[in-house]
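What follows is a set of structures to go through.
Presented sequentially are two complexes of chain A, the first with chain B as partner and the second with chain C.
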Partner chain A sequence: METRKRAFLKVIILGDSGVGKTSLMNQYVNRRFSNEYKATIGADFLTRDVTVDNKLVTLQIWDTAGQERFASLGVAFYRGADCCVLVYDVTAPNTMDSLDAWRNEFLEQADPLHHDEFPFVVIGNKTDIQAKSEKNSVTQSWCSGKGNVSYFETSAKNGSRVEEAFQTVAQKALEQDTELTKEAYPSPIQLPQDNNKSHEGCSC
Partner chain B sequence: MKFTMNNPVHRQRILKCGWLRKQGGMVKTWHRRWFCLNGDCLFYFAKHDDLKPLGSIFLPGNRVDDQPFNPDEPEKFLFEVLPVDGNLSAPPVKGRIQTKMAPNHDSFLLCAESDDERQEWIRAIRKVMYSGIGGAIFGQSIAETMSFSRHNDLKVPVIIRDCIEFLTEYGLEIEGIFRLPGRSIMIKEYKAKYDTAERVVFDISNIDVHSVASLLKLYLRELPESIVPSSNYQRFMNIALRYQDAREAKQKQEALEDLIDGMRELPKHNYNILKYLCDFLHTVGEKSSINKMTTINLATVFGPNIIRNVTEADSPELMMATADLTQQLAFMLIHHKDEVFTMDYDGPTAVKTDLLIDIDSELPNTETLVPTPIRTSSNDLVKAIFQHLDDNIETEVFSENVENSVNFEQRNGKDGTERKFKEGKPIPPKRRTKNGRSSRRICNVYEKTPSGSSVSDDMEASSLTLSDVNNIDSLPQENIASSEDQNNDVSSHQLAMLVAQNKKLEKELEEKEKENKRMQWEIIEAKSKFELENSDLKSKYEAQIKKLMLNTDALRVNYERRIESMQTENKAKVEELESKLRTEMKDKKTAVDKVIELQDRINRYQLQYGELHK
Partner chain C sequence: MAEGKEAEQVSTSDSDQADFIEPETPVEIKNSMLVTTDSYEHIDYQDLESPVYDSHPSGIIHAIVRSGSVEESTDTNDEELHTQCEESNEDASSNELSSKEISDVTEEVSKPEVPELNSAEFDEDDVQTPEWRNQKKHVFILSEAGKPVYSRHGTEDKLVTIMGVMQALVSFVHDNGKDALRCIIAGEHRFVFLVKDPLILVGVSRGQDSTQQVLLQLSYVYNQVLSVLTYSTLHRIFKQRRNYDLRRLLSGAEKFLDNLLNMFDSEPSFLLGAVECLPLDSVIRDMIAQSIVQHAKVKDLVFALILANNKLVTLVRMKKYYLHPMDLHLIINLVNASESFKAAESWTPICLPKFDSSGFLQAHISYLDESCQTCLLLLSVDRESFFTLSDCKNRIKDRLLKYNGLKAISDSLTRTSYSIQQCGISDLRHFLYKSRSTAQYTSPELEAPYLSQEEQERLFGLYHYLHHRIHTTARPLKILYSVGPHETLLGWITQGFELYAVFGPLVTKPAAIHAINRLLRWIKKEEDRLFILNSVTF
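Moving on, here comes the complex of A and B:
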């Protein structure tokens, strides 16, 4: 069954500039961290294969420019996403405040079937600088108030919890994908077993 | 709209019309009304074609604010026109300060259908209220802002001056200046201050560097036209493309010279703003060892704020697809600011030509730092570097990767700060395609999508036309639509591979095309040269031929004449000889006759006298 079709999952990373979106993606896909300080141009994607529930899936992770100018990436970039990762910087509280705006922007543009059920994963990044987020409880409550949202605190620099965070992303994306497939292709109509079986042979 | 449409005078002054809901003054019920912003007044009508308004709101001297989102009424986007508290400029009514808008309204509470619509109304109303006194600058054209400015001595809008002066004082050493976002509440507050023509003083104890930086970016972003106007969009983007594609320093220099030439086309105010901004950004870049904002980073951040196509608002894809070019352009403007900004609209010369600034900078660039005479010596280095870049398919032809390799001794002394340099050789550009994983900049995806071959084919190596870029619009949809079609993984892998392959081929094709083009040019040149020479020779020969012909003519005439004269001479001679011959013959005849006669006589004598000797 699993060899039939490997799931292909699209994930979008959003968040203010400088919170570490590119670094997170690089840490997860290439297991590398660069000290280079570089603003992202436009958008990039990387892919990584990952096993979820004994199924091999391909994650296509879209990294976006966090500049305000690029805040609205448009329908084309968001459409078909199976999960959205919202990143903020635990050392910069104002980046947490933007989560709402990024979430709304995504929902508005991507316009998934059920806004409240669409899977989000919130990541508070840079725990290597500040071990415990002051906003932890605030973020937690924000997440629980939004429905299908998980929360992780990571460090793209030392790799802490990055793997777990994206494992959850993959998990949620797969669930979303399966659900969508289910809705797109409703279960086939079961024809009632033919009673005529007993009537084998010619009826004439 | 009859009230307005039928009357041309009114029609001219109409700023905005539309349906809004208004809360009643006495009874707080909501009514749908047709609103018309006309001149200084906001009129409202029961129906949109009514002639007589139900009422009007005189705007100047009052203020307008949006009401915070109320979770109980999520569908209401409220804003309120209300008197300024203790407004001294409004005429006192009956000896007291005006606190009511109208006899039956303390204020006007209005409700729009959406937040966008609400912001549009607020902007339009603020324009009426404040633009005359130097406010309402967000979203207002540069020319208008400058004409209403209260600071006649300023060459740039006051908000730009304020922001840059503040940032020069406090921001140069802040990490991630212009990259990191400010606090949105703060930005909104100060935006409102500027829009309401309030006198703004940035105080470091009240506002942080990132908020001011974001405010400046927001102002630029909301301009109806970017600093580089849309009429110059095509030309400047082409220059950026050529600069990006340039393989040799010479081509880069050519593109740069084109840019310098292009600067003349900018309107005065736009030029001044750009110059002022790039001067400042250059200063920021010089401190990149502290603030981490290299010129590249600044260019990435400012590119789309400096130049954008008007239609980009509707097409984020276009913006994304051209992001690397806008970055390239911004880089050129900032990095080469001394070369690019050579004009000065006011005052004789304020242009800095001091190259030392560059040499000390954090971003020494091989091409520009070296003064022209020495440049030849560094050519090899440049070539080597670009050769290196060429080897990588996905490189940006940027010199960021190069920076560390060049002149680093010169930099070490600066600020006494030691920077770690990674060996003395160029650092290979970051490529994301490792281990067969695919990744590329989004613009490339769209340009090189197989299904979009028409787009990429149309994309000529050296000229990016707007229509081509616009085509990109349609592609992502197809792309993603197909990915929705559950043939996900295989097709996507194939797609990625195809894209990579296609890209490689395309690159080759591009090169070939370029070469082809160059050769065509050469042929054309040679041809024209040849033709020129040919026609030169032709005319020369023709002249000679003519001359010769004339000569021959002359000679012929001469000869003919001589022949004629000789003929006549000969004829005469012949006649003479003939006559001589004739006379001779005559003589002979007579002689013969005589001989015959004599013979006859002898015969007769012989008959008469016999033979003498017989």
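Moving on, here comes the complex of A and C:
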């Protein structure tokens, strides 16, 4: 029962506060950047239509608060995500160290079917300030150690590699949006519970 | 209407009550064909949250029959009533979140930051159009992941953001002490939430509907989804994939949701939890039922019914199995929303959630007359029985033709219902009468001044108001006499019936009471014709 309806893909952005999650989203969706820092309270939602494999899909991007005091939108919030973006700041090495914690938090809360296969995209942001991450190799090996993880270094300010990063996000997310296996399709008719009983009713 | 509320009186004094002499139950039968639940009380929060009919999808019919009979006995049990009342009070207090909590929530979820950021994009957004915003009633379905499944108005594509916000609100409240978000009142809008794992249903009403009435509507919408997918399938899917885009499996079924919601806005049957029967001479109705019994005695056939213009002509059931009014409404909706059944005999799977939410019944659907007014439905658990049932249908049709059954049905349809004048009661403009024991109701045609669409909607609003005031869990009433600027309303609930009557504004209370008593006598006299009193089984 394939439909032509456009797929919605839910993407969650996580990372320490100030690494540029909201800026990345704004750059990607609105192609804008503001130097002013405003902490995200709770979450923001933006959408963008993007073509992947000749299919038009809608990315539903859930930008979250990095600051712990705002990060309380609840377990259910992460559920049903198709891809998770982990962001760190290339100029602040300690934010890279948090990736493990964010990844674990996501897996714990979203609890996807296969933890090891769930797609992540890691983004080292702010390459406009520092062209190459000191932690480039560390991050690379972290990513390759985690299975389905891609790595990009971007600048939300000048837009460098932001498109490519989110294109990969969309690609990976779409891979999650697969058809159901046969068993999930509507079951054939089942006799209402107890066959004998209904026949009793019939025969008298 | 609004001014009217101030002038209303609630008759509670003994002298007032004495005027209402409860007649012997006008319609009394032991063997009802429909499960007679008192729909309204039945569909309260407790029921909606009760896992009973969800977690035991099979064999639920027995539980429903039990709960139906228990409920009637509690009517007389004061102690039980009392505790119920306490529960419902608690319910009411936890019901509406304190304004502080609400403001916490709204602070926590910041709106899509500054609109100027993406104003260009938002211009195309349905959400921003006045038409969309001015809709009286919105209904949204989303998955627990926040993915859009259905929206009554606008396309879901444009509503991704608003559905995300809804999911965030539900999730946030749920996380703070395992609470549940039930209702937000913002200005003249009422946002009602129904969380039915794995779906979230949200109703937004600008009208007079109470929270419970919107909730009733949402539970119908949920059951309509189950009717297409079954409960078991819905759960299996989301267990397999939380991120699943349910629109795929529901594509093609949107029209049933649209139609259900439209019917809900114009037909009192949903509000009353009752069905309307086509008025027919009882001898003819018996003949029609016997035609089915004799010619459709087929193994595994659970229900056989004839519908005409959304009204029930007859229902024959397998012994021990009953049809719940909610399920019957879904059947009526299926027929009402489909043109394709008029073209050919159809064989359609349908899940009746109150009957058995785990699987499909197979429905043989056909029209018996050329003009496609009289629809026969044969519901079986055997999915191989199409040709057997098709034979049954032909034999039933032949017999109905031979004995003028179809003619009687079409004659009754041309007469439409009946005029209020036939009741012979001046001052009385319109009424709804529900026989509680049979889950059936009767109502005259709409006549002046209720001819225009606006006036009909207003009348319907009055009934909603009256129904809500009488059934509100915080303070249920037996009698309500309410004088408004354009109409005087009288609602009266007894063990046997519910009556909602609309008079002209100048009627006096004694005249209204007198009129009601005459109306009840008239209904008693006509009950053989207006109601199906004997339940026929195979």
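Following the convention adopted for this analysis, the second predicted complex is superposed on the first by the 171 of 204 C-alpha atoms of A that agree within 3 Å, B and C clash if a C-alpha of one lies under 4 Å from a C-alpha of the other, contacts with A are read in each partner's own complex, and residues count from 1 in each chain.
Keep this in mind: a contact is a pair of C-beta atoms (placed from the backbone, for glycine too) under 8 Å apart; a residue touches a chain by one contact, two chains touch by 3 or more.
Just so we're clear, the structure is a prediction, and the values are computed from it rather than from any experiment.
*Asks:* Output check: A:Thr47 vs chain B and chain C. Expected answer is one of first, second, both, neither. What do you get?
*Replies:* both
*Asks:* I'd like to know which partner A:Asp82 touches here: chain B for first, chain C for second, both or neither.
*Replies:* A:Asp82: touches chain C, not chain B.
*Asks:* For A:Gly147, select first, second, both or neither according to whether it touches chain B, chain C, the two together, or no partner.
*Replies:* Neither partner.
*Asks:* Which partner chains sit in contact with A:Asn94 here, chain B, chain C, both or neither? Use first/second/both/neither.
*Replies:* A:Asn94 contacts chain B only, not chain C.
*Asks:* What is the contact status of A:Ser17 with respect to chain B (first) and chain C (second): first, second, both, or neither?
*Replies:* First partner only.
*Asks:* Just chain B (first), just chain C (second), both, or neither: which does A:Tyr37 touch?
*Replies:* first
*Asks:* Have a look at where A:Gln60 lands relative to chain B and chain C in the superposition and call it first, second, both or neither.
*Replies:* Both: A:Gln60 reaches chain B and chain C.
*Asks:* When the two structures are laid over each other on chain A, which of chain B and chain C touches more residues of chain A?
*Replies:* C
*Asks:* Looking at chain A, which of its residues have contacts with both chain B and chain C?
*Replies:* After superposing on chain A, chain A residues 5-8, 10, 29-30, 38, 40-47, 58, 60, 70, 72-77, 79-80, 181, 184 contact both chain B and chain C.
*Asks:* Under the touch definition given earlier, write down the residues of chain C that touch chain A in their complex.
*Replies:* Of all residues in chain C, those touching chain A are 58-59, 61, 107-110, 112-113, 117-118, 121, 143-148, 157, 160-161, 164-165, 167-168, 170-172, 174-176, 229-230, 232-233, 236-237, 240-245, 247-249, 251, 299-300, 302, 318-321, 349, 355-356, 358-362, 381-383, 537-538.
*Asks:* Over in the complex, which chain A residues touch chain B? Could you list them?
*Replies:* 5-8, 10, 16-18, 29-30, 34, 37-48, 58, 60, 65-70, 72-77, 79-80, 92, 94-95, 97-98, 101, 181, 184
*Asks:* Quick one: in the complex, what on chain B touches chain A?
*Replies:* Interface residues on chain B, with respect to chain A: 176, 179-184, 214, 217-218, 221, 292-294, 296-297, 300-301, 304-305, 315-317, 319-321, 323-324, 327, 430, 432, 434, 437-443, 476-477, 479-480, 483-484, 486, 488-490, 492-493, 496.
*Asks:* Give the list of chain A residues in touch with chain C in this complex.
*Replies:* Chain A residues touching chain C: 1-3, 5-8, 10, 22, 26, 29-30, 32, 38, 40-47, 58, 60, 62, 70, 72-77, 79-82, 110, 112-113, 176-178, 180-181, 183-194, 197-202, 204.
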